[in-house]
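Questions regarding the structure given below will be posed in turn.
Chain lettering (A, B, C and D) follows the sequence in which the chains are written, and residue indices restart at 1 in each chain.
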Amino acid sequence: MSAVAHEKGESGNTRGAVRAYAAPSLFYVAVFVGLAALTALTVLQSTFDLGKLNMLLGVGIATLKALLVLGFFMHLAWDNKFYAYIVVTAIFFVGVFYTYTTNDTEKRGLRDPDQSGKILPATGAPAPGGFSP
Amino acid sequence: MAAITTAPGYHEEVDPNASYLENKKGLLSWLFTLDHKRIGVMYLLSVIIAFTLGGLFALLMRAELLTRGRTLMDADTYNKMFSLHGVIMVFLFLIPAIPASLGNILLPIQLGAKDVAFPRLNLLSYYIYVFGACFGIYSMIHGGVDTGWTFYTPYSTSDPAHGGVGSSSAVIPMTLAVLVLGFSSVLTGVNFIATIHKMRAPGLSWRRLSLFAWSLYATAIIQILATPVLAITFLLLTLERFLGIGIFDPRLGGDPVLYQHFFWFYSHPAVYIMIVPGMGIVSDLIATFSRREPFGYMAIAMSSIALALLGFLVWGHHLFVAGMSEYATMVFSALTFLVAIPSGVKVFNWIATLYKGSISLQSPMLWALSFIFLFTIGGLTGLFLGMLAVDVHLHDTYFVVAHFHYVMVGGTVMGFFGGLHYWWPKFTGRLYDEKWAVAGWFFVFVGFNVTFLVQFLLGSRGMPRRYYDYLPQYESLHQISTVGSWILGLGFLILAAMFVRSLFSGKPAPRNPWGSAAYEWLTPSPPPTFNFAKDPVFERGPYDYQVATDEELYDGFDDPLFPEKGVAEGEARA
Amino acid sequence: MSMEATAAEHDGYARPKWLAHHFYTPAQQFNTAKLGMWLFIAQEILFFGALFVAYGVYRNWYPEMFKLASHQLDKTLGAANTLVLLFSSLMAALAVSAAQKGKRMATGTYLLVTIACACVFLAIKFVEYKHKVDLGLLPGTHFEPNLPHGVPSLPANSGSFFALYFLMTGLHALHVLVGIGVLTWIWIRNLRGAFSKENYTAVFVAALYWHFVDIVWIYLFPALYLI
Amino acid sequence: MMQPQASSWQLPPAMADTAAPMDGAFHFIFWFSVVFAVLVIAVTLLFIQKYRRQKSDQRSGKAEKGAPTPSRNKLEILWTVVPTLFIIVLFHVGFSAYIHNVTAAEGATEIRVFAKKWSWEFEYGGGARSPDLHLEVNKPYKLILSSEDVIHSFFIPEFRVKRDAVPGQYSFVAFTPTAVGEAHVFCAEYCGTNHSAMLAKVFVEEPAKHEEFLASFGRKPKLCGTPPVECTEEKWGESLFTEKACFTCHGTGGDGKLGGSPSPGPKLAGIFGHDQPLQDGSTVHVDENYVRESILKPNAKIVAGYANVQMPPFAGSFTDDQLEAVIAYIKSLK
């Protein structure tokens, strides 16, 4: 038998045929209903003003919806783990970019208000070259 | 062209034994080729043209700095010279050079595959590269850019035509050029990861992957994860200059330091896109020319991956004095030091490979050894710049210019030319003249060191970079550096003449001129269109010199270093 | 002898027409195509991720301005757009499962409905953009708001919010447009009978891309509309 | 003004308290790197020489091979852990020196530094700005930086200080000059055509001399011009004209040219008393008020043909009598 097969889960008789799990159609519709419900939830949640929590809840619900689409519509749940690792790595690096950038932007002027502040504390004069409406 | 509907990527009739250069003739067979080797050769040609153009700008710049005040050109032209030198060298030469040219030619052969995973995507990425280069040429025709290759805002985005304070040069075509070039790099990355994962021949486990392939894998990871942020940054830059959306321009409520975060989040991993393939080539060269399995194979492979991942955490060391908060400078300085560890591990392992090897100082090996020496100096001076107190003094001075030239020219260019010498017989089927090669290497090595060693001194004495004119105390060092650049230019001229001469009158190359056990030397040179006459199955690793048979390693060719006898019949034997 | 014959004789079975020359087996071709698309999606995550980073930084700097400016966006239209895209994602998933079962007619109709939903999405997007342009809520230098009276006036640097709004939704709309192009091309190939139970790679990969475009909107909607 | 001697062949003279910590860190890492580089290069050259391939394959009829490679995980761990320890030490040395250099001393005298395209200006609290930085030795200073157009970077090699002056935000450098003498300010961030001409002089003076400077700053000096001659209104105007780097854009010759090439700014010679055509088509009669307004708010009336040349505003750069002197000088140009 030719030493051809190097795809994992390759059984001899179907000669490397393509096999991907296909869920019943009703399952996809159920996933869609879940997504629609979550959309309604997130719109509802935005009407209450929970301060900082608002953003976290918004991102949380959006992540739940994204996981539904990724897991079932994009077959990640029934597929080789490697594809999931790719997505996780990509999101991890967006996280790295966001955390280190905000580590700078949020802490400017914390040690000494004269450092990278937009207003000079002593005189209150806005920095030249800046935004003037 | 392939049949449209039913069979994607179906190749026309091809004689499996004819070499990929002979099996189809004519310009069209090159312009619409799907063969990774031909695409690699086209990339190689374009990349060398870009290198020549960039080198020309460098020589003009150094000539201008020969004396104080105006020597050749006025301030504006000089500013455009260093900006175009930067943009061409970084985006048109260093980033595509090794992965897209040598990587495209060699990777499928080293994996025992017929072609890369997506041949049409490969051709598309070449044409996107050419399309991007056209934008660059358009900008050069219209006066080029004078913002430096970093395009810092608000100088680059505040267009005087809209009442701004910035540069009035042709910035938008150049930023579009870089935006488009980024996609070519991303598509190459996608292609290489899919190829390395799915196209390996039977018997080629991950532990039998060549170290060059490992480095291309690490580079592809960076290309995929970093280049999109470059695309977004330059899209925002172009729109801000063109339409005035206020993201980076402080006049419109934006923040220029945020631009530096966006730019360097791509550009620091980009310097690892440039250096890691060079390291991969050096690992292969050291293994071949000391005829020994590389010491710590897994350590070298994993440090490529470590470099790729750590490369994403250190971009802040470009912003130490840019107005970043001290909390961020502290974190970035610590992480910058961390990134020196994998490079150190690689250098130690290369040196350990030389121990008890059978070292032959043929021309490719000379390039690999100079990579070790110069990259060590380049890496260590990087530590200077990672150290906070020292970076405050050295930032944006000639010390930084010397550092990145030691890493880029001393590293990537040495690796690129080492790889070019090493695989030249394989993909052109011609041997080059060893004496000319050693002469070329000598002039390049000496010229480079004379040019850039003094620049460390210039920098530590406080000479800022990108200066058209300078104070009297820096004049003598600038003159030494300019003379050095002439020697460097001469060296590259010698190499160019040698390679052109070898194309026309070089001796036909045997299958394995260097006696290497790597897979690419099992197939004749130049290789057939599908790389191997019959689908290969590998029983040994690429560096198993103990297992490799003598017949595989040595086929009676005339050893360029000791040419006592005439040439043995050099025609290829499968 | 032709390439076709050597490969067939080599593998000991008739190579299907749609199997590219450099692949050994159909499974290898399918998995390679899928891996290629997932890598492209990883790149797209970074692409939109960078914009979300800019959004995060500016929102931390000017939370009040973002809140006021975001109230100019129409939540109902945004929610409607979300449902339209989610439904089109469902249609794409059903198109793939139909293609897996070899039902060519069903695949065709599902693809058509997906394309239709995408066009509806773009139409709603156009309405929203027109409304913003009329009110002068444009990015950066072009920000001259002429809001109807009674609406609280916007802080001066709201141009940044609308710059991010137009950029993020504009780039997303561009991806929807590309998605329409890709799905139409797949629909044409399906009409010509290029796909079967064994060969539905193109449909699967196109659907992957489309689902990703939907995920981007899933994050865009709460970020921009629901502050 | 005698010049302090350079502290080492690599570094410029040390003239401030921020220099010592930096020099220490620099020399520490320099010698660490030299030892490390010499070690690497020496061992490589030794191995090359010792394990050189003796006979070519061709004469020996077979390929001479290197020894089989052992796998030494312990060695790998060793040369990962040891460099990690080294870099922890390096980071500590660097960071502690850095924190000392960026902390402003209590009660430091504040000087406002204005960066604009291609010149520095220093304001000593009193409104008038001088193109030179005058400092008193052994007195802590805190320079508040700001830029009016693009990013510049305030860099004094002799003090080892550098900080970007970013438009739209303030930043500061803090130091205490320790040696009397002259130093110079560079712009270290690329900012356009005359980025390399954007220099300023730093005078570290004895307390007495510094008091004298502060007292006479902004008023007409007894001698001005080079060679210094008795100061008339026009002469003082001319020295201010060169001090404020107006010559980088405005030619003072009859043809208005600048070193042979057309000057970025409009012609100044012989314009008084004539009508000047403007960009928006109207014309203005050139008198003191027009020249004063054009200096303070250049974009108010733009000369025809100079639409996209952005002359930075000089409001606040001159005291009133300095402005009078400059106008008198321009008037004297024929």
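Following the convention adopted for this analysis, contacts are C-beta pairs under 8 Å (C-beta built on N, C-alpha and C of every residue); 3 or more make two chains touch, one makes a residue touch a chain.
Quantities reported herein were computed from a predicted structural model and do not represent experimental measurements.
**Student:** If we define chain centres by averaging CA atoms, which chain lands farthest from subunit D? Would you check?
**Tutor:** C
**Student:** Would you kindly tell me how far, in whole Å, the mean C-alpha position of subunit C lies from that of subunit A?
**Tutor:** Inter-chain centre distance comes to 15 Å.
**Student:** How big is the gap, in whole Å, between where the Cα atoms of subunit A centre and where those of subunit D centre?
**Tutor:** Result: the chain centres lie 44 Å from each other.
**Student:** Once you find the CA centre of subunit B and the CA centre of subunit D, what distance in Å lies between them?
**Tutor:** So the centroids are 34 Å from each other.
**Student:** Hey, what residues on subunit A touch two or more of the other chains?
**Tutor:** Residues 4, 82, 89-90, 93, 97, 101, 105, 115-116, 129-131 of subunit A touch two or more partner chains.
**Student:** Give the residues of subunit D that touch two or more other chains, as numbers and ranges in rising order.
**Tutor:** Residues 149, 166-169, 171 of subunit D touch two or more partner chains.
**Student:** Check each residue of subunit C and list the ones that touch at least two other chains.
**Tutor:** 10, 24, 28, 31, 35, 39, 42-43, 46, 49-50, 53, 57, 156-157
**Student:** Answer with line, ring, star, complete or other to describe the graph linking chains that touch.
**Tutor:** other
**Student:** Dump the list of chain pairs that touch, please.
**Tutor:** Every touching chain pair, ordered by label, is A-B, A-C, A-D, B-C, B-D.
**Student:** Would you tell me which residues of subunit C are touching subunit A in their complex?
**Tutor:** Contacts found on subunit C: 10-13, 24-31, 34-35, 38-39, 41-43, 45-46, 49-50, 52-53, 56-57, 60-61, 75, 79, 82-83, 86-87, 89-90, 92-94, 96-97, 100-101, 156-157, 198-201, 204, 207-208, 211-212, 214-215, 218-219, 221-223, 225-227.
**Student:** Which residues of subunit D touch subunit B in their complex?
**Tutor:** Per the stated touch rule, the residues are 9-12, 21-22, 25-26, 29-30, 33, 36-37, 40-41, 43-44, 47-48, 51-59, 61-69, 71-72, 75-76, 79-80, 83-84, 87-88, 90-91, 93-95, 97-102, 117, 149-151, 153, 155, 157-158, 160-164, 166-169, 171, 184, 186-197, 261, 308-310.
**Student:** Please output the residues of subunit D touching subunit A within their complex, sorted ascending.
**Tutor:** Going by the criterion above, the answer is residues 103-104, 110, 114, 142, 144, 146-149, 166-172.
**Student:** Under the touch definition given earlier, write down the residues of subunit B that touch subunit A in their complex.
**Tutor:** 165, 197, 200, 202-203, 225, 229, 246, 250-253, 255, 257-258, 261, 265, 312-313, 315-316, 319, 323-328, 331-332, 537
**Student:** Okay, in this complex, where on subunit A does subunit C touch?
**Tutor:** 1-2, 4-5, 7, 10, 15-20, 22-23, 25, 28-29, 31-32, 35-36, 39-40, 42-43, 45-46, 54, 58-59, 61-62, 65-66, 69-70, 72-75, 79-80, 82-83, 86-87, 89-91, 93-94, 97-98, 101-102, 105-106, 131, 133
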